[in-house]
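So that you can tell them apart, the chains are marked A, B, C, D and E in the order they are listed, and the count of residues begins at 1 in each.
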Amino acid sequence: ADTVKVGLSIPITGLQAILGETLLNCYKLAAAELNAANGIGGRQVELFIEDNQTTTKGAIDKARKLINEDKVDVIMGTIISPERSATLSVTAKAKKLFFYPTNFEGGECNRYFVATGPIPMQQVDPMMPWVAENLGKTIYVMASDYAWPQKMTEAITAAYEKAGGKIIGADYYPFGTTDFGPAFQKIKSLKPDVVWSMVVGNDAVTQLKQYRSFDIKQPLIAPLDEVFNKDALPAGVAAGTYAPQPYWMALDNPVNKKFISSFREKFGQEKMVNGIGEAGYNGLHLYALAAEKAGSLKDDDVLAALPSIEFDAPQGKIRVDATNNHTLCHSYVGKAVADGIGYEIARDFGVIAPVTPYCKL
Amino acid sequence: MSDVLLQAENVGIRFGGLQALEALDLTVRDKELCCIIGPNGAGKSTFLNVLTGTLRPTSGSVRFRGRDIAGLPLHRIARLGIARKFQIPSVFPSLSVEDNLKVARWGAPSPVRPVAELLELVALTNRAATLAGELAHGQKQWLEIGMALAIEPRLLLLDEPTAGMTPQETLATAEMLLRLKGEFSIVAVEHDIRFVRALNCETLVLHQGRRLRSGPFHDIETDEMVRDVYLGRR
Amino acid sequence: MDFVVTTLLNALTLISILMLVGLGLAISFGLMNVTNLAHGEFVTVGAFAVYFVQSMGGSFWLGLAAAPIAGAVVGCILEFAIIRHLYSRPVSTVLATWGVSLILQQGLELTFGLGAKPVTPPIEGTLDLVFTVYPAYRLILIAIAALTLLGVVLLISRTSFGLDIRTVIQNREMAEGVGINTRRTYAIAFTFGAAIAGLAGGLVAPLAIVLPQMGVNYLANAFFVVIVGGVGSIGGLVAGSVFVGGLTSVLNYQISPSLAQAIVLLAAIVAVRLRPNGLFNGASR
Amino acid sequence: MIARDRNWLLIFVVCVALAILYPFIADGYQLTVIRDALIFGLFAASLDFFWGRTGILCFGHAAFFGIGGYIMALVTLNDAIPFASLLGLAGAVAGAAFVAAIIGYFLFFGGIRGSYFTIVTLAMGVICQQAAVSWSSVTGGDSGLIGIPPIEFDVAGLPVDLSQDLPSYIFVSAIVAVAVLALWSISRGRWGTVLTAIQDNEVRAAALGHNAPLRLLVTFVLSAAIAGLAGALYVCMAGLVAPDLSGLLLSTEVIVWVAVGGRGTLLGPVLGAIFIQRAQQTISSFNPSLWPLLLGCVFVVIVFVLPDGILSIYARLKSLFKGRRRAQ
Amino acid sequence: MLRTLAISAGYGLLPVLNGIDLSVAPGEVVGLLGRNGAGKTTLLRVIAGALRASGGAVVLGDQDLTNAPAFRRARAGIAHVPQGRGIFNQLTVRQNLEVGTRAAKERGDGGIPTDIFGYFPILREREAQVAGTLSGGQQQMLAIGRALCGLPSVLLLDEPSEGIQPNIVQSIAELVPRIARERGIAIVLVEQNLDLVLKAADRCLVMEKGRIVHEGAPEAFADETLLKDLLAL
């Protein structure tokens, strides 16, 4: 019992494996950094890595195993919502701390649930006036058919109308769609100023390939990042697309420079990182700082200390909001550069506080 | 007329361009035995299908005890008391002989004969536990007759019941049917003339979907026309 | 006009993809009655072949030529090692092919690494078709699909090998009895089905995601197309593809795509209910 | 047949005995693990009841599991409903049975059998999962519904509370044992024999007076009802229902469990479900990235080494033993 | 021509054949009689290779075919017309015949020998008809015709008269020896129809419980009591 046991529930196999790999590496990096610097309160960090298989069943099973068999002090990880829900259903019952790194639709409110990624309003509210001003006044939304894009669209609609814009169409495609032809046909007839895609994961690859082949000229906002662009997309197809993220590799600050260089040193010079990975990295560091401050690994003690600490993350300084356990993240719009992998910062909106009317802890 | 069990009137059926049956009449009285013979492709099996209601005739009507049964689901027809032995022996290959007979009994509204008696009747007592799929061809035929008996039919239709049997077995089958004759009506289709001769009953001869002749078998056997198209001469 | 033509072309694209994937399945599942859950992986293998050739500096066309070969090789090995021992055991086939599909996915992942693989189309841009402009590559895909279909139809109906296949499928024991090497015929037919699936994979590679797990996206639809159209006939396969693909494309424009997918599947169920032997076969059972 | 029945009962009794002994050696967590595996075992048995007896494969059985789960979740998460646990269970069973009745009616009375049925049910599963994801106002979308309370009800004034590991384990084991025994006695008797007959030759069975479509339909509905029950139990134990519980992957997995356990044995699929699930989770913990490969190999090996499923190990050992004795 | 040496075979653990020795010369018709379940069909299946023998050997001319798969035997010249005929129902008559030539691939020119239309004129008439819609008797002719397309040296006929109208049975009885003579084929004829066997066969064998228990010229079987002895229940 001389280590701090951190349980990681990661989609190592299954459809989210590519994001899972980067996320896992970021946790490994954070753990290595902590261990090199005397661990957490003198105790080394030990990672317990489990593959949740991107299924409900698997995520539940693994969360139970981590808590009951490995007796971990905290659980971190998971990417898509079903994994998060399934893990949360176990951690909530066991009153075990759970740090979730991915940007998501919001709506979770649990004392032991800590989100280190942004919810829709954090990304969208500051961005829409900028879109209306710089890209255009009408938007067509095409998205995967599930909760995050639906909530995002709600947030976009509200903020965009306030800024004088208008959503002129929104279509949601089921997962596994292999042909997006009809959507492009719609774009051609509706002629929006901007296309906002929230087709995610593997379908995003299909969608983007086809988007390019249809030769559509409008600016595209798409939830892509450096990892995805490099590992999944044909060279260059992402070039020129915009994306809101709390973190970009292009951020010019010393913390980020160091973060990227140690990441690449550890996992390969050509490797990319993304917002999800960075949020996971931040999560483990936030946990370490809070535990250190609390002088205890008890879930409640760590939670109590969490809002009072601040971490100098690659995206900038961040901290956790005590009222909802969500993180005050930065918000940037990135624009993909010509190689279609990296991004330049198109606009920096600073730190945005999460506003959650549904949650008052 | 009350003892008329099955009455087919002016039955005709077409398959696409082929007039398979045309203007056929048949009356089967209660506890009567009759045979249908005719060349290959004459329409005998098709006629049986019409009589059992599995095929709806394109013209004419079939009444079983006064009611039209065309197009009724198969199991309803069976429950009315029509049992049938198919041309290709169709037993349940993955069930034992005994279970085959049981399944047949369970389908009947009011089975009477116990399984043991049925086994005895078709001489399969010592193979009761054998899987029906493992029986030789002739044994399957007998089993199928046993299954038809199990449902306590009022009318039993047999399509080539003795195909593949030895001459002795063929005669034994005929004897069995003659014994059962007092219990229900039987219509048999058969090419084996010794079998038909042994039954020696009213016989209908079909040829190209039409009635060629009908009457008692000894009249039919000597009929020139029937000899020409069917029996051959020697 | 633009709208109609584009919708038509969109539908044709989808139909072509469905048909190509279904074609291989129509042979293994429809004709040979082998429920091959690894069929989707043949598509994957074909797509990876294109990726591999491109990443080695070869052209797309070279990759496209390699795709059916890769599918055939994998199919042939699978037939030889597993399927041929299980023709009389359909349940075991389901289990074993599911296992093989897991192995193939993981094998690809171990060989080529995690994540989606980039494949670049041979030609970018659109073609002006008077009524509308349409991505050139999609037109090529439609053309190749049509040619493949024609080839398969000719092969099955005109060649003695086609006759052999049909014979073996109808009555294996008897086919053996008239001197046909049924093992070989089956092996070739299965391999051929795998090759077509591989070709389909190669063709969709520039359009859709290329990833070890991509096969699932095609598997269910392919089974469906085969069933809707009628098991065991190429004509039925075309009918099934047109039905599923056409309806999806048209509905997609009118209503939410998820709802459209559900409606298409429901419509297909109704179609199967009304024509249990498939759309194509004249008589219903 | 008699001997086979005796073997089956023997194995059943041994399994029940093991299930009774297990709490004495296992801690709470291990109990929950086996408890959940047992629920999936019940699910597998429900599929086997239909597939094993009729020879018709349902490729969307998870749809019924999911329907049961969602109904249970919606009933128990609604504070206004009294006796929520019991009503939820009843609703789950009834809902799954109802959907099966409608689909089954169309298919069976429409003369659809064999691979057609298989693929149509596959489509049904796909629709169910997509509906669960898209219809988020009711189903909670892709993240599902969380916070489902444990089962809790009164039996004649005696409160049954399944929030603890041991009671829930006992409750689930008892249900599984009773259900498997019931399904077995149905399927070995008259009902099952006639189903086998229908599987062999449906026309013939009908010509003997059996209403084949109705019998298939009732069997299917019963099978779906049990699947719904399993789904309802699982979501209560997990505290969550999510779309992939009705999805294609789970439908495929359950087929694999049945095949591994031995189709048509009812008990085999339960053991198959437990075995494969535990094997999958253990292998994946042992090596988080290689497990699909290993699992795939396990399937292929099982097909060739144990073609009739794991339950046949017993018969094999027995015949081996007998053979030895005869040889002496 | 065709010889079997001490053939034994069975289904699963059930033995059906116990050491069958049989030899047939070119141009000879051997009738095989026996009760239901005696193992006649099983013997033909073993010779044709549809069922594995558990012991013994099958020799054709100087070729040992004991371990050859069925298609090799067919190509070596053994043609089988099974009980139930085994017509390919969905193929046309012509396609059935064409498939029949596969056995002669290595020996003949691959074409359909036109003289079979001499034996069975109806096959030419119905060339384009789907075989499944032929009547029982026509299917039987097709099955024999198809077997002949493989230019066999041995023809195994399993109850060719089953389900056939009497006058055609008579013509089969005439046809079988004619085919044997004209083409020098060795024919094994399994039949329940005594008249047919006695008319067509040069020599008769009687099987009982998997053994050959009697052998003799057809004339010898005209004796009713002997027949009763051998075949009665």
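What we mean here is this: contacts are C-beta pairs under 8 Å (C-beta built on N, C-alpha and C of every residue); 3 or more make two chains touch, one makes a residue touch a chain.
Chain-to-protein mapping (UniProt): B, E = ABC transporter ATP-binding protein; C = Urea ABC transporter permease subunit UrtB; D = Branched-chain amino acid ABC transporter permease.
Being a predicted model, the structure only gives us computed values, none of them experimental.
Asks: Which chains are in contact with both subunit A and subunit B?
Replies: Chains in contact with subunit A as well as subunit B: D.
Asks: Need the graph distance between subunit A and subunit E over the touch network, please.
Replies: 2
Asks: Please compute the C-alpha centroid of subunit A, do the same for subunit D, then give the distance between them in whole Å.
Replies: Here the centre of subunit D sits 37 Å away from the centre of subunit A.
Asks: Indicate the whole-number Å distance between the mean C-alpha point of subunit B and the mean C-alpha point of subunit C.
Replies: Spacing between the chain centres: roughly 48 Å.
Asks: Starting from the mean Cα coordinates of subunit D and subunit E, work out the distance between those two points in Å.
Replies: Once rounded, the distance between the two centres reads 51 Å.
Asks: Touching at least two other chains at once: which residues of subunit D meet that condition?
Replies: 130, 133-134, 292
Asks: Check each residue of subunit C and list the ones that touch at least two other chains.
Replies: Only 106, 216, 256, 258, 261 qualify.
Asks: Residues of subunit E touching 2+ other chains?
Replies: Not one residue of subunit E touches more than one other chain, so the list is empty.
Asks: Show me, using the given definition of touch, all chain pairs that touch one another.
Replies: According to the stated criterion, the contacting chain pairs are A-C, A-D, B-D, B-E, C-D, C-E.
Asks: Which residues of subunit E touch subunit B in their complex?
Replies: Listed in rising order, the residues of subunit E that touch subunit B are 11, 14, 35-37, 41, 83-84, 134-138, 159, 162-171, 192-194, 231-233.
Asks: For the complex, give me every residue of subunit B touching subunit E.
Replies: 38-42, 87-88, 134-139, 160, 163-169, 172, 191, 193, 229-232, 234
Asks: So in the complex, which bits of subunit C are touching subunit D?
Replies: Interface residues on subunit C, with respect to subunit D: 29, 33, 35, 37, 82, 85-86, 89, 91-92, 94-96, 98-103, 105-107, 110, 216, 220, 223-224, 226-227, 231, 256, 258-259, 261-262, 265-266, 268-269, 272-274, 276, 285.
Asks: What part of subunit B is in contact with subunit D in the complex they form?
Replies: Those in contact with subunit D are residues 52, 73-75, 77-79, 83-84, 86, 90-96, 99-100, 102-104, 106-109, 129, 147, 150-151.
Asks: Tell me, which parts of subunit C touch subunit A in their complex?
Replies: Per the touch definition, subunit C meets subunit A at residues 3, 6-7, 9-10, 13-14, 17, 106, 109, 114-121, 124-126, 133, 135, 137-138, 204, 206-211, 213-214, 216-218, 249, 252-253, 256-258, 261.
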